[in-house]
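Before we start, here is the structure in question, set down as structure tokens.
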Amino acid sequence: MQKLPVSRLPELFARIDGMKSLYLPVSAGGRLQFGRWTTGTAYDPSRMNTVKSAKDFFFPQSEDLVFFRSKGKELSITEAKDPAEPFVLFGVRACDAKGLEALDRVFLSDPVDTFYAARRENGVVVTMACAEPEETCFCGAFGVDAAEPGGDVAAWLAQDTLYWQSRTDKGDALTAALEDILEDADQRDQGAFAAHKAAIKAILDDLPLNGLSLEGFGGDALEALFGSDKWPALSQACIGCGTCTFVCPTCQCYDIQDFDTGRGVKRFRCWDSCMYSDFTLMAHGNPRTSQVERFRQRFMHKLVYFPANNEGMYGCVGCGRCVAKCPAFMNIVKVIRTLGVNAHAR
Amino acid sequence: MPVKDENKADFRPLIVAFCCNWCSYAGADLAGTSRLNYPADVKVIRVPCSCRVNPLFILRAFQRGADGVIIAGCHPGDCHYTSGNYYARRRMTLLFSMLDYLGIERERTRVEWISAAEGAKFAATMSEFTQAVTELGENKRLGDIRCKEYLNS
Amino acid sequence: MQRISELIRTRAGELLESGAADQILGWENGGLAYDPTPAFFTADNVAGLVYNSFCGINLSKYLIEKTKGKESGKVAALLKPCDTYSFNQLLCEHRIDRDKVYVVGVGCSGMLDVEKLKARGFKGIKGIDEKDGRLTVHTLYGDKSCPKREVLMERCISCKGGGHVACDEVVGEELTPDAAGNRFAGVEKLESLSPDDRFDFWRGELSRCIRCNACRNACPACSCNKCVFDNSRSGMAAKANSDDFEQNMFHIIRAFHVAGRCTDCGECSRVCPQGIPLHLLNRKLIKDVNELYGDYQAGAAPDSRSPLISYTQGDAEPDVIYERGGAR
Amino acid sequence: MQKVGVFVCWCGSNIAATVDVAAVAEAVRSEPGVVYSIDYQYMCSEGGQSAIKNAIQEHGLTGVVVCSCSPRMHENTFRKAAAAAGLNPYMVEIANIREQCSWIHKDMEEATQKAIILARTAIAKLHLNSPLVAGESEVVKRALVIGGGIAGIQTAQDIADCGFEVDIVERSPTIGGKMAQLDKTFPTLDCAACILTPKMVDAAAHEHIGLYTYSEVEEVSGFVGNFAVKIRQKARSVRGELCSGCGVCSGKCPSKKTPSEFDQGLSNRSAIYIPFAQAIPNVPVIDRDACIKFKTGKCGLCAKVCSAGAIDYEQQDEIVERRYGAIVVATGFKPIALERYGEYGYAHSPDVVTSLEFERLCNAAGPTKGKLLRPSDHKKPKTIVFIQCVGSRSDDGCGKTYCSKICCMYTAKHAMLVKEKYPDTEVYVFYIDVRTPGKNFDEFQRRAVEQYDVHYIKGMVGKVAEQNGHLRVQASDLLADRQIVIDADMVVLATAIEPDPTARSLGTMLTASMDQNDFFTEAHPKLRPVESPTAGVFLSGVCQGPKDIPETVAQAGAAAAKAVALLCKSKLLGNPCVAGSDSMLCNGCSYCESVCPYGAIDYVYKDIIEHGKKELRRVARVNDAVCQGCGACTVTCPSGAMDLKGFTTVQIMAEVDAICR
């Protein structure tokens, strides 16, 4: 494990950005986003909860696939190049790092999504333990430990010290490249380090959504849940927007569309939302004709279909963004509480 | 294809003119019949009435690389359909005010009332508008980069 | 607030019992301190009905779906004063069947904006107490406190006042928030900037748009069966902002489509996950309409005629914008 | 994908001289769907049209683009040609490469480039065209003629003689118009009344002609073949059906101090009056502003003396609503006001008169019983100065830029008449140019100079001022290049004429376009001179531009023929470019209905099946026969449900794209 005085963070950032593009949570119009670090960028370690997760950096909201062009009667086709920018994401929350694992299962399993794979290859994820989780957080329910974040490198910020622990080869490489600025942590640090993690644990146990039980969900709950008569009431407030989908670190659905530039056709893919009425629209129409069905689809996918196809891994990491951002205050927590076996414990 | 040269000196703007069939389009014809010259940068689209011009068309033109858009209709009171240009007048006023509010150069948009008898006014208006837009230079604020890529490939 | 909530719950019960309404449209507790969720109530769950300072959600739009079809029964809808403007506007546009709605006007003393609390650094909010104009916010990291009027929603800071414009009865007295400011201040500030600065401002704001459509779907004026942006045949359908243009396009067209119909209910700004001040677009159009065509408040009456579907022969010419407003 | 044929017209050298037509034809070959592309000398010619027909058949074209003159010129020609070859006429698009390209650009390279873009644009639109079929509508077999002067009377008679009902609406109490005020007419010098009044009588007597005198058109709605018109019949205060026209009432009327409109104010009339002896109808009208009964409530003498009991002080204006298939405008003219021409002293001296006033002074039925006496002292004038172009051909901004056309001739006529009656009178005519085209016109004017030795002086009058009982005329003789001064007894001003002031509001009612001088514009200056661009509206007489009587009568007949050609039709083919609403998208919000100027939109409740769910929705419905295709509804519709055939949203966007490509 390495460490660094907080006062030297700017130095660290400068070093990293010297090698690869560095992105970290910065405030834009009062909202937190991952933004490119430049000298003088204000970084506030106490603010970690970005509106959108780190997903964008591997699976951008919109990306070009191929370009068709017709001259006279000939047609020329140009494929978009795989992204090549090496980058580092700093300050990723434990839940978002976990979210990437969910995306990996979708995009890196056969057939491999080369765009995603390239970005994963080029990107180093430096996570940060959540010193101050929020009332909307429930990552614990999905086996995420905010005190022990994953990623390529895990970091902790205890008082005036940054602790740095590589978790992967990519992490090792980055750490090696920074060895002259990072100091090795010694025995004396262990105390403070442990105390810090304990403090986090304590808060996690105190979270209002702590203890949310997933009993009754999972791959084999299809029959039990699909036909539940609670869906209509649950979905009544849903206005069918895509906010929950677009702030979600694990939603991975996209649509492929063509755009006629007037000089040729650009084929691109962009995020889609199962909450939209034109999601998976086909010639005959839409398979899910009502908002109830669309609503059910989203949560069934996260809590039943996804685990069914991924050895029990859920399609939710408890980041709490949908809880905070839904215009109608509808969210997965309410679904879990309403449909879970201990629904009445509420 | 419009020449999009960064060098302002030989920058030629692309102007889309929506003309109502009854007055302004006829005015454009009269300008032609009277051999009144105006810049070839102006391309006319014929619509039945200025009230047929959807704000969408204007944004579309800017998206696709137009540098100026002008809507020409019958003089208020002379609309072939009695009231069309009155609605157009309100719509366009509010739309252009909105564009201005978003910081898009207000000189890129214009509404003119040109009657079938005003060939000279048509030619003069188009020349003057083209001049104004030329001075502004290329429309960078409301263009769609995707439509400009591959421009010279 | 407690008291009004109690009153409303009781009244709702009576309405259901008497058969005056088959359902109540109101809010139920969401589990957090600030997330009352729109819900429909019948006798067996009416006990869960709540009304507090976080019931900002404008319920009028839910009535479109609810009053469709022959079989749908009568709904008693709880509407705040500003919600009733949206309700009226929807009546103007024949989107709601008035006969199927019983409007219960609920008093309002200004709704709170949780984002403003969070912006103050209030993290991990567990509970909120309201007492004579001050809020005590209990958080995971200790109690915080602030004056209520500093965290009111944008719409309440410039409350229309004047109570309900459409309702069958009022429960709880008609209150209006103590802070009533000039709602066009924000627009005027922008107008006074140079075009370049205005452009930079809006680029900064609109570039954050993630095209989640929350503004559109929450907007009572955006009630189209199929939105042009979802209609592949409209020529402008898009699911994401592929570039700056589409960000501008979406918001310009949306503002224009609701021009003269927008009641300035403020839902668009409330729901935007990115905190884009969308109301500044709508209010610009409202301000222009007022200045050019005379004061107009959409939804003030169930039969008001939008300024975009009327005209006078003496209307200002479009080049009026060259002279007025906006610094050069 | 359409199979498109492109035809590039040279229009002789009109296009080919500035646009490389071959290059255009070549360039569009690579456009999507283009299977055939040629250039041709005259597309509108027989040969050009058959080129289109053949190509449609040989190449199985589903769409045709003609790059030629303005669609306003030959769109129909080419649509007909396409139709003849079995193609829907609305699968034809025109690229206007003449009026909007070759005629306005000098540089060939530039013009050719633009022509290619315009062609490309037409092709892009065409790809989204769909065959359209025009609906039919009934034709109301009745015509309305607005204005009862010689133009209106002639048009009405010609239409009526073809067996169609005609109504004449005349603002003043009698028909006859300006011609009735004239004394003699050039170049034959026959008496105006003698040739006009029989026509007036015939018109009144005609079984198919209805007269609405002392009436005004209040409102016009509807469209070609079926106009709905509201006519206001002003209260005469005399009941025509009872009145015998004996005239006792006006004789006895104590209020006799109102200047006579008919005599141009040179004489007075009574409050109850018949404008002139041969007025039609021969029924008096009470001028309520002048009538003592109406002003004070006392008097009522006319009622007492009227043996027929026709006087009716209680009479109210009546609004008559009638339907017409065609409308002919014949609103005529008036001399301009002279307040801006102080230099001629018109306001100061009664002996400075306008030509129309002079007509009354010469007229046997006029204020001086035909003796030429000057208004001030009723002495016979020895020296008369005529000034031409007063307010005509003026670039000083005070008058009219156009030539009033009739002044040269009537001035010559006046001069001649004076010399005829009083050979010892000195007559001077000041002119800028003497313009006398027309049969026997120049001969006529020369007679004035040569036989009657009227002094024609080329030059402008600078000042007319009263001086010891004379009118001192200061002028310049341009030919002799000297200043001259003439002491005249009378000065006659050949005052410019302008459209009747009511024309403007009428034009708005009819949505018929006008030029900057308020003359009605014709559908085409050469090919359709008596039709307004507004279908079903025709132009007769001076309302379209200055004319003398023979021209007016000729045009009146032409207008009648055009109107009859319309009335003869049993049905009219409507414009198929009408709005239509997609009920799947319609919200039923009523916005389209509220902007429709024709009331063509209503709402119905319809079962809509969307996503397999059935739902009863309020949706808009457009009445094709009533819709005129303006498109106001399409932009008002927020959901884009409303679209306009022939100018659909996607078509226009395709045009935009093609231009910006």
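A, B, C and D are the chain letters, set down in written order, and residue numbers restart from 1 in every chain.
Here is the rule we use: contacts are C-beta pairs under 8 Å (C-beta built on N, C-alpha and C of every residue); 3 or more make two chains touch, one makes a residue touch a chain.
Remember, predicted model here, so these are calculated numbers, not experimental data.
Student: Provide the labels of all chains in contact with chain B and in contact with chain D.
Tutor: The shared contacts of chain B and chain D, listed by label, come to A, C.
Student: Report which interface contains more C-beta contacts, comparing A-D against C-D.
Tutor: Most contacts of the two pairs: C-D.
Student: Can you identify the chain nearest the overall CA centroid, using each chain's own CA centroid?
Tutor: If one averages C-alpha positions chain by chain, the most central is B.
Student: Rounded to the nearest whole Å, what is the centre-to-centre distance of chain A and chain D, using the mean of the C-alpha atoms as each centre?
Tutor: Averaging C-alpha atoms per chain gives centres 73 Å apart.
Student: On a C-alpha centroid basis, what's the spacing between chain C and chain D, in Å?
Tutor: Between these chains, centre-to-centre, one finds 54 Å.
Student: Just how far, in Å, is the C-alpha centre of chain C from the one of chain A?
Tutor: From the centre of chain A to the centre of chain C is 30 Å.
Student: How many angstrom lie between the CA centroids of chain A and chain B, rounded to a whole number?
Tutor: Measuring from centre to centre gives 46 Å for this pair.
Student: Could you list which residues of chain A touch at least two other chains?
Tutor: In chain A, the residues touching two or more other chains are 259, 262-263, 277.
Student: What parts of chain C, by residue number, touch at least two of the other chains?
Tutor: 226, 235, 242, 308-309
Student: Quick one: which residues in chain B touch 2 or more of the other chains?
Tutor: 55-56, 60, 64-65, 77, 83, 87, 91, 144, 146-147
Student: Quick one: do these chains touch in a line, a ring, a star, all-to-all (complete), or other?
Tutor: complete
Student: Taking the complex as given, what residues does chain B use to touch chain D?
Tutor: Contact set of chain B toward chain D: 1-2, 14, 16, 21-23, 25-26, 28-29, 31-33, 35-38, 40, 43-49, 51-57, 60-61, 64-66, 74, 77-84, 87, 91, 115-118, 123, 147.
Student: In the complex formed with chain B, which residues of chain A make contact?
Tutor: The contact residues of chain A facing chain B are 67, 69, 259, 261-264, 266.
Student: Enumerate the contact residues on chain D facing chain B in the complex.
Tutor: 70-73, 96, 98-101, 103-107, 110-111, 113-114, 117-118, 121, 507-508, 511, 513-516, 521, 533-534, 577, 595, 597, 628-632, 634-636, 644, 647, 649, 652-653, 655-657, 659-661
Student: Could you pull out which chain C residues touch chain D in their complex?
Tutor: That would be residues 68-70, 92-95, 223-228, 231, 233-235, 257-258, 261, 305-306, 308-310 of chain C.
Student: What part of chain D is in contact with chain A in the complex they form?
Tutor: Against chain A, chain D makes touches at 30, 32, 611-613, 657, 660-661.
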